[in-house]
Structures are given as structure tokens and as C-alpha cells.
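In what follows, a single structure is set out as C-alpha cells and then discussed.
Letters A, B and C mark the chains as written, and numbering starts fresh at 1 in each.
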Amino acid sequence: MSSTAAWALSHTLLAIELVATVAFALSGVIEGARKRLDAVGICMVAGLAAFGGGTVRDVLLDRRPLFWVEHAGWVWVLMAVCMAAMLFMRTQHLEPTERAMQWPDALGLGLFTASGTQIALDVGMPAVVAVILGMVTAVFGGVLRDVVCNEIPRAFSDHRPYAMCSFAGGWVMVLGHTASWPQWAALLAAAGTATLLRAAALHLDWRLPAWQAGGEPKP
Amino acid sequence: MSSTAAWALSHTLLAIELVATVAFALSGVIEGARKRLDAVGICMVAGLAAFGGGTVRDVLLDRRPLFWVEHAGWVWVLMAVCMAAMLFMRTQHLEPTERAMQWPDALGLGLFTASGTQIALDVGMPAVVAVILGMVTAVFGGVLRDVVCNEIPRAFSDHRPYAMCSFAGGWVMVLGHTASWPQWAALLAAAGTATLLRAAALHLDWRLPAWQAGGEPKP
Amino acid sequence: MSSTAAWALSHTLLAIELVATVAFALSGVIEGARKRLDAVGICMVAGLAAFGGGTVRDVLLDRRPLFWVEHAGWVWVLMAVCMAAMLFMRTQHLEPTERAMQWPDALGLGLFTASGTQIALDVGMPAVVAVILGMVTAVFGGVLRDVVCNEIPRAFSDHRPYAMCSFAGGWVMVLGHTASWPQWAALLAAAGTATLLRAAALHLDWRLPAWQAGGEPKP
């Protein structure tokens, strides 16, 4: 790959990562607003949604500095996004619908999966552990967001493939790593797999197998 | 202890640990199914229940690799258990009752307490901290399971001694460590104490002191 | 500063820290009692409230030993406080009201903010990260307490400045650090700012901007 292409790729990845982080943060803003949190609470939930998955991964891997410490600028970006979103929602009486969020969220899922799995492989984790850490990176931000908002995590309960797409993308990353693909190719393939699977799941309305077990019925 | 006896003991311990991990995973499968999670969510809750306590202990102790990274095979065991449990529950229209789970769970409580306390003592923690970390190992998997499923942790609220049994077992471990018992004896005594106390609590229907304090009444 | 003054200051700080930890622990006892937890559950929730914030900070900073491991005596203090509080509430049919807790809680907020921010600055964190870690120290104990008790964290939802006061106090600490104030002065100024802001917010009934966004209405 020429240096120009590498430059273009790295900047493309950075742009996607920015989009994904913003999308995850916005999902926190929306959930926080629904739960009638105050402005500070909304920022904190947005922060958990955007940075939670990567932070859990870094803690499990004992990797320091945490990515949002290494790039402290991201914290400012997060605060600006929250402020802007709250102002915008107030003045415009308009709220970003969940539907509109699905596509950047799918991009984020793919990219966080790919980068999380790669980071774990780079420090020598076994394949299955790396895949799980990639999934943790992509999914646990949303899990923490939902737990703090006193909801069962949507990723576990909405019967649409989400973590599963991340899981599949992680194995593509492992494949690329084992087959010594160039890093950019493995990243692209893994992120693309997870994102496209998620997009297909949404577009084609795929469902995870319904679960008929007993226990108290819940509507 | 002869080497044959040592071999038998270490394999017995491994077998008990396997039973305990499977029991904890199944408790997650059952709770997840009750909450109508999807198949992926159920596996994640089972993973939190089985590996959560040990992971929190390892993170607090800054001990790496995490035990499920060191023995990555356990992750496959976990997935197989979840698959088998879900298939079985589907085809048999049968579900493992909580009552049936109580005995392997009591075994797990004892073993996780003993091994958790010992690991903490080995890295030089003060006695009271080691006992608390043993309790965290045994109890926090269930706590994470319940928190993610949007329930108050059963270990804190069901008014039957659970964490208390682990606490007592941990002090037996400390006693054995201080008195320089052979490791296998200390492990057995600690695990036995916690397990037998738990079994007695269940069998004799012991209750923790009821709490009469005010606040809004809850049925 | 003379050595007598330093001695007086360090003991004053220790006394305040003790008061703050006890206040945070009592907030856990009260919330646990309200939720009808058993005695062991109440102690655990009290422990999360008192030690949770500092523990999360230490884990994020990869700082060991954890403060409650370094000073294992605090664990005994915690247990004694819980026992005393439960006995007292039982025999006196009296419960510490939330109102009575607000002032030690405000002291704790200030002191934990100042010490958390300072610890983060000492290990070279960027300013904004240090401020956030100070806030985590002061606020996340209560967040963990509320999450485990199946409530949306009060710090995020009660529309009174709480985390915000901590945030402001953290920046005072950064200012003092940058301007090379003596440590005691920076600590006092930061803790004082956060505590006084919180006290003013309570006394003058300040409100964070109400949030009018849509979603399902909640009473």
C-alpha cells in the first residue's frame, strides 16, 4: 500500500471511529433524556455508552493508558457532542429517532469490534478470548448505558442479532491475523463483516430464536 | 501426602470447580430465560454469572492473565453448556428448577470462596481483605447476573445466609494459612465450611435477622 | 507551614475523610434498609457506597494497593459502622433521615473530589482526565449503590447539582496544581469549592435545567 493510501486509510478509520463514538454517545443522550435524567446525568450516560466498552476491554487487558486518557481530546469531543445534542433537542423540539441512529451504530459496532479484537490479538490473547474482548468493546458501552438507566440491556433482549454480528466480525479478524493479511485488510474485512451483518439483520428483520422457556410471563 | 493422593486431590478439585462453574452458568441461563432474553443475551448472562466473580477478584488484585484467559478452554465449556441447556430446555419443555440448582451452587460457593481467599493470601493481602476477596469471588458472579437482569441481587436480599457462609469459610482459610496447614487441608476445610454452612442454612431454613426499618413498605 | 500546622492539617483531613466515608456508608445502610435487604446485603451496599468510587478510580489508574487494601483498618471501621447503624435503628426505631445525611455527604463529596483529582494529577493524567477521575471518586460510590439497589443513580436524576459541584472542585485542584500552590492549599480550596457549592445548591434549592425531551412520559 502506498503511503498516500495508508494516510487515506488511517484518516478514514479515524473518521469512522469519530462517527461511531458520536453515535454511541448520542444513544446515551437519547436514553438519558427518556429517563428524565438531568443534564449532568445525560452526559455521564453518554460517556458510559461511548467509552464504557473500550474501558472495560482496557481494564480486562490491563492496558494503560486507557484510550480516552491517551487521547484526552475525545473527552472534550464527548462533552461538546452532549451539549450540542441537548441544545439542539431543546431548541428544535426534535429528537434523533432510534431509527436514524441505527446506521451509525452499525458502523460503530463493526469498527469497535475490529479494533478491540486486534488490540487483544496484538497482546497475545488466545483467539476465542480476543473475539470476546472485541465483542465486549463493541457491546458493553450499551450494556453499561442500559444498566445505569435501570433497563435490561437491549443487546441481550431485543431478539435481533447484535452481539452475534460482532462475534462473527471478530472471527474474521482472527482469520486475517492467522493468515497474515495486511493489518488494514483484516481491519476492513472484520469491521465490514460485522457492520454488514448488522445492516442485513435490520433490513431483513432477522430474529434470534425465540425463547419459550417458562418462568413468570412477561408481556 | 503421597503423589497419588495429590493427583487425586487436584483432579477432584478440578472436577468440583467444573461442576461449580457449570452450576453458576446454569443459574445465569435460567435467569436469562425467565427475563425472556434472546439466546445471545442468555449466554452473556451465563458468562457473567460463571466468570464474573473471579474476574472482579483478578481485576482488584491486578492479577493477569485472568483465569478464563489462562484457561481459554473454559470459554468453550461455557458456550457448550449454554447451547446444551437451551436446546435441552427447548426440546424437553423442562427446566432445571432452582431447587435442583441449590446443591451444585453450594459446592461452587465453597470452592470459589476457598480458591479466591487463597489467591489473595498468596499475593500478600491482609487477612480481612483476603476474606472479602474470597467472598467477592464466590458472590459477585451472581450479583452481576442479577444486576444485568434488572433485579436486586438475590445474595443481598433473600434473607438466607449466602455471603455469610462464604465469609465464614474465608476465615477458616485464613486460619489454615496462619497455622501453616498443608494447602490441600486448608482448601478442603474452607470449602467444606462454606458449603456445609450453606447446606445447613438451606436444610434448616435459617434466616438472617429480619429488618424492620422504615422507608416505603414493599410487599 | 510549621510542622505543627502540618500535623494538625493531616489529622483534620483524616478526620474529615473518616466522617465522609462513614456518611457514604450510612447512605448505603439507609438505601439497603429501604429496599428490605438482609443484614449482609446492607453491609455490602454500604461497602459499595463507601469504597466503590475510590476503587473504580484506583482500577482505572491501575493503582495498587487499593486504598482499602493499604489501610485494611477501614474495612473494620465499615463493618463496625454498619453493625452500629443497624443495631441503633433497631433498638431506637429511629432512622437517620436523608436530610441529616446531606451535610456529611457534602463534606465527603468535596474531600473525595479533591483527593481523587490530586491522585490522578500526581500520576501525570491530563487535566480533564484528572477532573473526571476526581468526579468518579466522589460520585461512583453512590452510583454503584443505586445500581445494585435497582434504582437510577440519584446523582444522575435528581436535578440538583451534585456531580457538577465535584467537577468545579476538580478544576480548582487543577488550577492549584498548575499554579504550584502548596498541596494543602490546593486540597483545601478544591474540597471547599465542591462542598460549598453543594451546600449552596441544597440551601438555595438550585436546579439543573429541566429536560423537556420526549419519550414516554414518566411521572
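We take it that a residue touches a chain if its C-beta (ideal position, glycine included) is under 8 Å from a C-beta of that chain, and two chains touch if they have at least 3 such contacts.
The model shown is predicted, which means the values in this text are computed figures rather than measured ones.
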Think of each chain as a node with edges to the chains it touches; is that a line, ring, star, complete or other? complete
Taking all residue numbers at the chain B/chain C interface, are over half used by both copies (same) or under half (different)? different
Taking each chain's centre as the mean position of its Cα atoms, how many Å separate chain B from chain C? 30
If I count partner chains per residue in chain C, which residues reach a count of at least 2? 59, 62, 147, 150
Chain B residues touching chain C in their complex are 59-60, 62, 125-126, 128-129, 132, 143, 147, 150-153, 155-164, 167, 208-209, 211-216, 218
In the complex, chain A residues that touch chain C: 30, 32-42, 44-45, 55, 59, 62, 64, 66, 68-69, 72, 75-76, 86, 89-90, 95, 147-150
